[in-house]
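Going by the order they are written in, the chains are A, B, C and D; count residues from 1 in each one.
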């Protein structure tokens, strides 16, 4: 079947950009407060002991309200990684990066969930699953999301 | 744990400005607008159910594609209405009469669709559903939708 | 099919801004309340049906990161979103999930956290591309703005045309608003509670777009609603007085943002709402309701604007066309009247958009179960009708609930 | 499930990286095409379920202006905001309830309209991951691929083998975007690197397109066609957010498959399924799907591929259409697997027909790293 019997559709564009402001809630608030003190705060399910980092209000496995805060070590293990040769540009397409960067999925000892962040200070070719890395916290970062800045190899 | 009533907000947006919506309407509208320039209102008739769409619409609720151009009258009836000031409306009763604009929904004779226009030459208190109106053509139509912006009592 | 019943209802607090929780956490409040109300846990759920109106929060399919908070881990999950009717459509989904026999017990979840987003912009995104196209074709931009931006611009036409066809006055709209807001004062989950408001107070509020005043319009709310829905067989074992969902029906009419797009004849009279009538006819027929005005004990029409309560009361066949203003004047719609309308306070008092149509059904269920508390109507409720409305004036969902199963 | 709901018609528009039609016309053509294929008129439909996404359509309530083009005018209509395969599930529930007999299902999107990778970014946790701009559909897929490779020793060349198989198969599918009859592993390995190990030819081609399927109750199905395709079983499941689950396996796909197999009475999928259409957004996902679907043991996906069993002429061909790597219109991609599986059962797949198909499996997914999965088992008489 040939779509579009009428040829030559025209395109419409508009300048609108709706904005949002997502409140993070008290559990993520405590996580960010911890980061600003140089600490990684996770939360533990009182029932199954699963530790969420970043923290979640509810343990999805037990449907229990998490309550016990635990400070996790700054070192973690790379569970998976990718070398990014592109990024999503403003137009939503993949645009080439000048210098490839390493993005890792890191699990901290004692945590059951992962954090995704850049791994810096290594040749991307040297990145590997199982590698030990340390989180770099930038307390002076203006954007709260940049306080957990990146990881470096231990 | 201590609960704050206001937690961090993360700002974000939706890049609607990066959308490129497609429409067949432009091509159809070209013919419609050319008609307006000649003080003709053209409609597009559905071969399936016979509905006449003004302005033209590339698809019909009966799943056929309207394709036959027909001329409809420049007279018709008011089907609904509201009043508006330019930007801040103070209410029908309180509004400055000279600033009150009467926005009417109209159905032209021979068309099956609703259009919106501004009614002139009528007292706001006299507007009613079913009232006969006709398009007040500009002396020199430009071939734009605003050529049929104004209607007056027929 | 298997018969379907509601055994639990949960609502979060409904206020204009919940900045202490994120979206997932807000929804958890309603979800956990529903589980508690039914005395069940996620373990008892066979599936999760959820939805919201995503453009408001700026999150695409929020359940992908949030549903762990709702007990959805490892469950079959279905997301249904249909705009203003979303909450109703989600319950319809839950109804079919159970009625089909594919599942026994499911949770239906709907929500909106409007303070996380830009409501007007979200609503405008309905037609923003089309507005741009219209401007391109040489419409007067000022005309376009004054002719109808956002929901209220469209509903104003509905309001005037209803006034013409029914002979009602703006005073009736004032009365509707006052009735709903004072009902809302009895409902702990309502947003705008005004126990002592009078129609005269409403008439003094600012005009938004003729004939609608500020007091005729709904607020923007953060809130969530959840319902536990199960088979009639299970419901009988789990609760003394379940509310049965006897039927669900929707009907979609042509889309038209009044005239701009050359939509078809459906909206020549924007208050005709043929879709609502067709959906109601079908829902009553399936439910075995022959004379709705006699058999329905409570109605929850979806009316974010005061005029719509009267219009939909008629379109739901609760009186003849054009008679709703007289019914309102008779006092029959009051919470202690003959056929109470919106005892919850309605959408005009509380509008967490994605949840609103579900909250109409939830209120009917609470009234049937006798669990509505201070806003419980003063009579036995055997049958109730709930309604949802949205889209470009074109989508309607109806559900009929009762104290007995369909057959 | 014994012959309760059948597929009685289907249609797909051609897929393309830019289709010269609006979304409304695409949907109208899919709807009209499915009605023609079933030989019925719009009046016969009771209900219409569409699958579209507001963030891909660039408007809220993305179904509201599809009422007319989808054939839903004055029908009982609803919208599933997931892959269209879930819309089939919902339509099926509506029929099984007894309140509806004939349902139209349509899934559609146009990647050439929306900023391609933004809707995926908008699926992320807005309190943390979203505005860090590291994760998106492809980078998340890359983390999944690496985790799988590390766990089971699969190589990039083996993963490229999926692209080669599927895109060569697609040469026989006139609707596909990527039709590459002579593609080699080296060609895949030479394609543009996006996020290692994912290269351009390991990743889905964002496409425009629409797919439609008409379902009917058993009674109506037998009136409409001599050749109904019965839905013997369906299963679906939702997994955790991507940073909270093991990425090296498709847990919710396994759950979905187990549920579908139980309903259809399948005990040995490899033996009982004749052809499978798998919704693989990335080539490694097909290997993972082999395992989750029970076509082979855990970690044996590459070995199964290399055995040739999943080729066109193998014992269990997978993605004879070319799969989602060959054409991928979001919200239609999983639904297209169902339409393709139905084509195979009916023997109407033309140059990509597999011989002797009695039982077919179709899979759809939604969310990053295949977070939500649905499996259908289809069969003929």
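Rule of thumb we're sticking to: contacts are C-beta pairs under 8 Å (C-beta built on N, C-alpha and C of every residue); 3 or more make two chains touch, one makes a residue touch a chain.
Please read all numbers here as calculations on a predicted model, not as lab measurements.
Peer 1: Based on the averaged CA atom positions, which chain is farthest from chain C?
Peer 2: Ranked by distance of C-alpha centres from chain C, the top chain is A.
Peer 1: Determine which of the two chain pairs, A-D or A-B, is joined by the larger number of C-beta pairs in contact.
Peer 2: Comparing A-D with A-B, the pair joined by more C-beta contacts is A-D.
Peer 1: Starting from the mean Cα coordinates of chain B and chain C, work out the distance between those two points in Å.
Peer 2: It comes to 28 Å between the two C-alpha centres.
Peer 1: Express in whole angstrom the distance between the two chain centres, defined as the mean CA positions of chain A and chain B.
Peer 2: Chain centres of chain A and chain B, defined by C-alpha means, are spaced 47 Å apart.
Peer 1: Centroid of chain A to centroid of chain C, CA atoms only: how many Å?
Peer 2: 37
Peer 1: Using the touch definition from the top, which residues of chain D touch two or more other chains?
Peer 2: 21-22, 25, 55, 58, 67-68, 73, 114-115, 118, 122, 126-127, 130-131, 240, 244, in rising order.
Peer 1: Which chain A residues reach two or more other chains?
Peer 2: As it turns out, chain A has residues touching two or more other chains at 4-6, 8-9, 12-14, 16, 18-26, 28, 60, 91-92, 145.
Peer 1: What parts of chain C, by residue number, touch at least two of the other chains?
Peer 2: 19-23, 55, 57-59, 67-68, 72-73, 116, 122, 125, 128-129, 133, 136, 254, 264, in rising order.
Peer 1: Quick one: which bits of chain D touch chain A in the complex? Just the residue numbers, please.
Peer 2: Its residues touching chain A are 11-14, 16, 19-22, 25-26, 29, 33, 114-118, 121, 126-136, 138-139, 142-147, 150, 192-198, 209-210, 240, 243-244, 247.
Peer 1: Going by the contact rule set out above, which residues of chain D touch chain B in the complex?
Peer 2: 21-25, 28, 31-32, 35, 42, 55, 58, 67-69, 71, 73, 110, 112-115, 118, 122, 126-127, 130-131
Peer 1: Can you list the residues on chain A that touch chain C in the complex?
Peer 2: 12-14, 16, 18-28, 56-58, 60-61, 63
Peer 1: Quick check: in the complex, which residue numbers of chain C touch chain D?
Peer 2: These residues of chain C touch chain D: 1, 22-23, 48, 51, 53-61, 63-65, 67-68, 72-84, 89, 92-93, 95-97, 99-102, 116, 122-123, 125-129, 247-255, 264, 274-275, 278-279, 282, 286, 390-392, 394-395.
Peer 1: So in the complex, which bits of chain C are touching chain B?
Peer 2: These residues of chain C touch chain B: 19-22, 55, 58, 125, 128-129, 133-134, 136-140, 142-143, 145-148, 156-161, 164-165, 206-211, 213, 254, 256, 258-271.
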